[in-house]
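Some notes on the structure that comes next.
Order as written gives the chain letters A, B, C and D; numbering starts at 1 within each chain.
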Amino acid sequence: MKTLSGTDLSVQIGALRLKNPLIAASGCFGYGVEYAEAVDLSTLGGVAVKGLFLKEREGHPPERIVETPSGMLNAIGLQGIGVHRFIREKLPELRQLRATVIVNICGSTLDEYVELARILSDAEGVAALELNISCPNIKEGGITFGCSLHGTFDVVSAVKKVTPLPVIPKLTPNVTDVASFARASEEAGADAVSLVNTFLAMAIDVETRRPKLSNIVGGLSGPAIRPIAVRMVYECRRAVKIPVIGMGGIASARDMLEFIIAGATAVQVGTANFVDPFIWGKLLAGVTDYVRRHNIARISDLVGTIDTTSREKQWISS
Amino acid sequence: MKTLSGTDLSVQIGALRLKNPLIAASGCFGYGVEYAEAVDLSTLGGVAVKGLFLKEREGHPPERIVETPSGMLNAIGLQGIGVHRFIREKLPELRQLRATVIVNICGSTLDEYVELARILSDAEGVAALELNISCPNIKEGGITFGCSLHGTFDVVSAVKKVTPLPVIPKLTPNVTDVASFARASEEAGADAVSLVNTFLAMAIDVETRRPKLSNIVGGLSGPAIRPIAVRMVYECRRAVKIPVIGMGGIASARDMLEFIIAGATAVQVGTANFVDPFIWGKLLAGVTDYVRRHNIARISDLVGTIDTTSREKQWISS
Amino acid sequence: MLRDVEARVIRNTRLSRDYNVIALAAPEIAEATQPGQFVMVKSGRGGDPLLRRPFSVFEVLRSNNRVEGLTLLSKRVGVTTKILYDAVEGDTISCLGPLGRPFDLVDPPTEAWMVAGGVGLAPFATLGDALLAHGVKTTLFYGARTGGELFYLDWFTSRGIRLVLATEDGSIGDKARITIPLDRELQEADGEVVIYACGPEPMLEAVAHVAAKHKRTSQVSVERTMGCGMGGCYSCVIQVRSEAGSERTRPAHYVRSCIAGPVFKGEDLVWD
Amino acid sequence: MLRDVEARVIRNTRLSRDYNVIALAAPEIAEATQPGQFVMVKSGRGGDPLLRRPFSVFEVLRSNNRVEGLTLLSKRVGVTTKILYDAVEGDTISCLGPLGRPFDLVDPPTEAWMVAGGVGLAPFATLGDALLAHGVKTTLFYGARTGGELFYLDWFTSRGIRLVLATEDGSIGDKARITIPLDRELQEADGEVVIYACGPEPMLEAVAHVAAKHKRTSQVSVERTMGCGMGGCYSCVIQVRSEAGSERTRPAHYVRSCIAGPVFKGEDLVWD
């Protein structure tokens, strides 16, 4: 899809063509419908809805979030309405709003992921599945898969077998070598990988000596983590051929471009949407302006174009 | 050592008694002598000097640092004067300033760590050795040890064999399970562990598409990482009996207390010293005020006293 | 309609060492706000502080029948409220709103009794005005630690709103929690009364119980930590027994107080 | 003595769309500052921006023979310089200093030629004053992109400092880089001349070469990214051939420009 100026912002994720590389991150955009008043969902590359289990879940008791320097911790505990109510109550409205819906799914067992994938493949209006194998906040969530190469391989290949939809495992940053997880995903047939989920972290109220979150630990997101996330996207891009969807602290068009240049074919924005629900138009305008100024015909031409050569030269010369 | 009010701030690290739990972090305080005009070094629990190799090192070309949201990246590349010049040129002055000197050592091979430990054990005025097996910025640095449980075990036990000094391996946060590295260190005979070193990260100039650091990647430090560092200290404290020295983004007495309550027997302060070289007195005053307000006789009584019970009750009740 | 306005500070009045009323040039938001709704405020540059904070709309400012902006009644407890306290004319504060479910208004002859604790006074200026415009007889029960922290008393009395005051130190009104005079007066009231409450949660719980004891309905405005104010983050949840506006009861479950509230029926909430 | 002063903004004068001169009430620092030294400035609350930024001390402010404070000449390029540009009287800016090795002063009959590019003018107000106090005949070579970016010309001429100007667009002085008139005048000069320079690194390199070509010594003040300004972080390094102040030459190696500089002998630096 071209903009007026002829700039092509569209990107390809497996069989799925997104009209632009800007996706609302899971868990930071409700079920999408909550934001219809702030942004025309059809203008987004995609909307990753809040992580869904098969069943409804209550999540953790408050406090569920706490602000930290340039970031926030969350331990929501994947409160959610479950896949069936989602299909019945939210999907029709999302279809009507012409959103490109990416469903983020979570299971306690491999079979649950498979079952979720089956159910959602039959539903109308689902564009892709993002496998949340990286939520740091609940023990029974996919983190046992996400922290094991075998687990990652197994869950991705099992889900691939039962769905024609693009499958995007979402990787945790809480590992020594994230690129190996991207590789395991690729080998298992993933259409793309997305990263990063949040960093396991905690905050303590020193007056009461209690953790600030009811769950004791939570996940760190927001600008604070951006430099780590950019590095991980860079590493994954060099490790795999499938597209990398990057996220972690994006709050401006400049940040979005940083991820794309590091190697992200598309990006997601989470925490920044809490601060500015009108951010989406600003991000797209900023990126459009950049590609125009730099005479880039297709945004996909920018992906992974980080230039490390001259630095290496300088390095050798010293 | 008691303060006037009778509050005992001293803590024990192996055979070493620190007059208080506040240590200047390695690489953020030069060789200590640079800061003698700003702070009386003898008032600090310890001074961890800049990471030393056997030989002099030039380090990386500029740009070596870049600011990020509530943090900074560095890729200094361990520029340094080498252990011999250190002993000759800096140690006498540090002795004269009555600093409790912790020497941070880096090697490319196990033998280099052993050699450094030997040399420093013979020098007068070294209180402890911190093994930097976690510098993310140079390939030949100890990171190959720091990211392998065997490597960590081997380097710690080899060094322990040749030195009577307390040995404190410094752990990298760039691993899946930092507590297992604390355990490996303990089994190898470490007197304490210190953590965290910096998080491997990067930043890109989107206009030039070049990395902002000459070394491409660097280490993230500062308040941005504090919640992750606190979580890691908490995990290590529960995993080992030896003292944990915590750091990462401490910029106020409150932050320092957060680490202590999470499980740190002592703390180090790095990046915040760049912002405020007079921070040391403020931190000690703040901590003294706190222990007085809370009627805590010895700061060591506060270590690891995080109270997770009531949260768990709340959790069960919901 | 939802709007994000970079609002200029028109003036900032410090009421005490902690309390201030800040006037913001955000007429579009002010115009659309219903009593009990709130705005999400972002002050300060950069990422620290990062998140917005929720504030009830205190007054809608009018001059010559045109809406000029709105005010917030703020109590200094942390970083954002400190910035609001220190702000000077000409600063800008980003203001997102209006948000949340407002109070349900009643019609005469039902009386309205508003119960405020501390900074919980905030929603009752606009609610009081709206009730008076409906011709509803209105009382404000208003409690604070001490008399010096009871503000805007003239504002309410000059409009014909009856005041019942209580302070913990007895410096003004009853030396008691505000629920004591509330209980006493409910004991004696015979007409229809709806109770509106805003304040610390223990107070809200007490108000809901007192109201229930006297077979009166209550609408309470709760304060939970809010990350977004728009239903996006699920940080602000509170346990309810039944869906707002529905008669169907369900087991206790969490709802987002930013969109299902902040105003709830007292009897719907599960107090823990 | 090193000091950290929470300095009040005495006044802030905007010179153009990018340049401003901000006066700070930090008399203790001002008093102790030698020409060429700098301060590390922290503006803004909280962790974003996090680090201080280096600024040369521009003027030492005196009234009635008492030192009142200092000024900074700032060019807006990013977050801190924007805060300095926007600051208003009464704001506070944290100011750490004085830091760094100052310029070495010369004695008559040696002449001093100061060479400034853009905001590189900053150290030459205090240096000029100190040289004049020494009775040294002083010239300022001053280049900028355009005449509108040449500031404080009267300030220098009124003191008896000779001006040689150049602009890239030719609007004032030579239509050339400032090193062109410098080269030309050095060609003709026969007395002893020491050259002081501050500006972008390519200019400093050109100045050092021109000076060397004419067998004159130069002292150049460099600008490297500084994390601490005190020798703590090793971010600010620059390659030199010999230690400052020592005659022993060594292979090119990095030294910390915050404590070994920011002023170096032109011939000591390795230009890359």
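Definition applied: a residue touches a chain if its C-beta (ideal position, glycine included) is under 8 Å from a C-beta of that chain, and two chains touch if they have at least 3 such contacts.
Note that the coordinates shown come from a computational prediction; the quantities given were computed from them, not determined experimentally.
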If every step must land on a chain the current one touches, say how few steps get you from chain C to chain D.
1
By mean C-alpha coordinates, which chain is most distant from chain B?
C
Taking the mean of the CA coordinates per chain, how far is chain B from chain C in Å?
47
Chain centre separation in whole Å, for chain D relative to chain B (CA means)
36
Spell out, as numbers or ranges, the residues of chain D touching 2 or more other chains.
46-49
Can you list the chain A residues in contact with two or more other chains?
58, 69-71, 222-224, 314, 317-318
Going by the touch rule set out above, what shape does the chain contact graph take here: line, ring, star, complete or other?
complete
Can you tell me which positions in chain C touch chain D when the two form their complex?
44-49, 79, 83
Under the touch definition given earlier, write down the residues of chain C that touch chain B in their complex.
46-48, 239, 272
Looking at the complex, which residues from chain C come into contact with chain A?
1-2, 4, 42, 46-52, 96, 224-225, 227-228, 230-238, 253-254, 259
Which residues of chain A touch chain B once you look at their complex with the stated criterion?
58, 60-61, 68-71, 73, 147, 174-176, 199-204, 206, 208-211, 214-217, 220, 222-228, 230-231, 234, 249, 254, 257-258, 261-262, 290, 305-308, 310-311, 314-315, 317-318
Listed in rising order, chain A residues that touch chain D in their complex are 69-70, 223, 314, 317-318
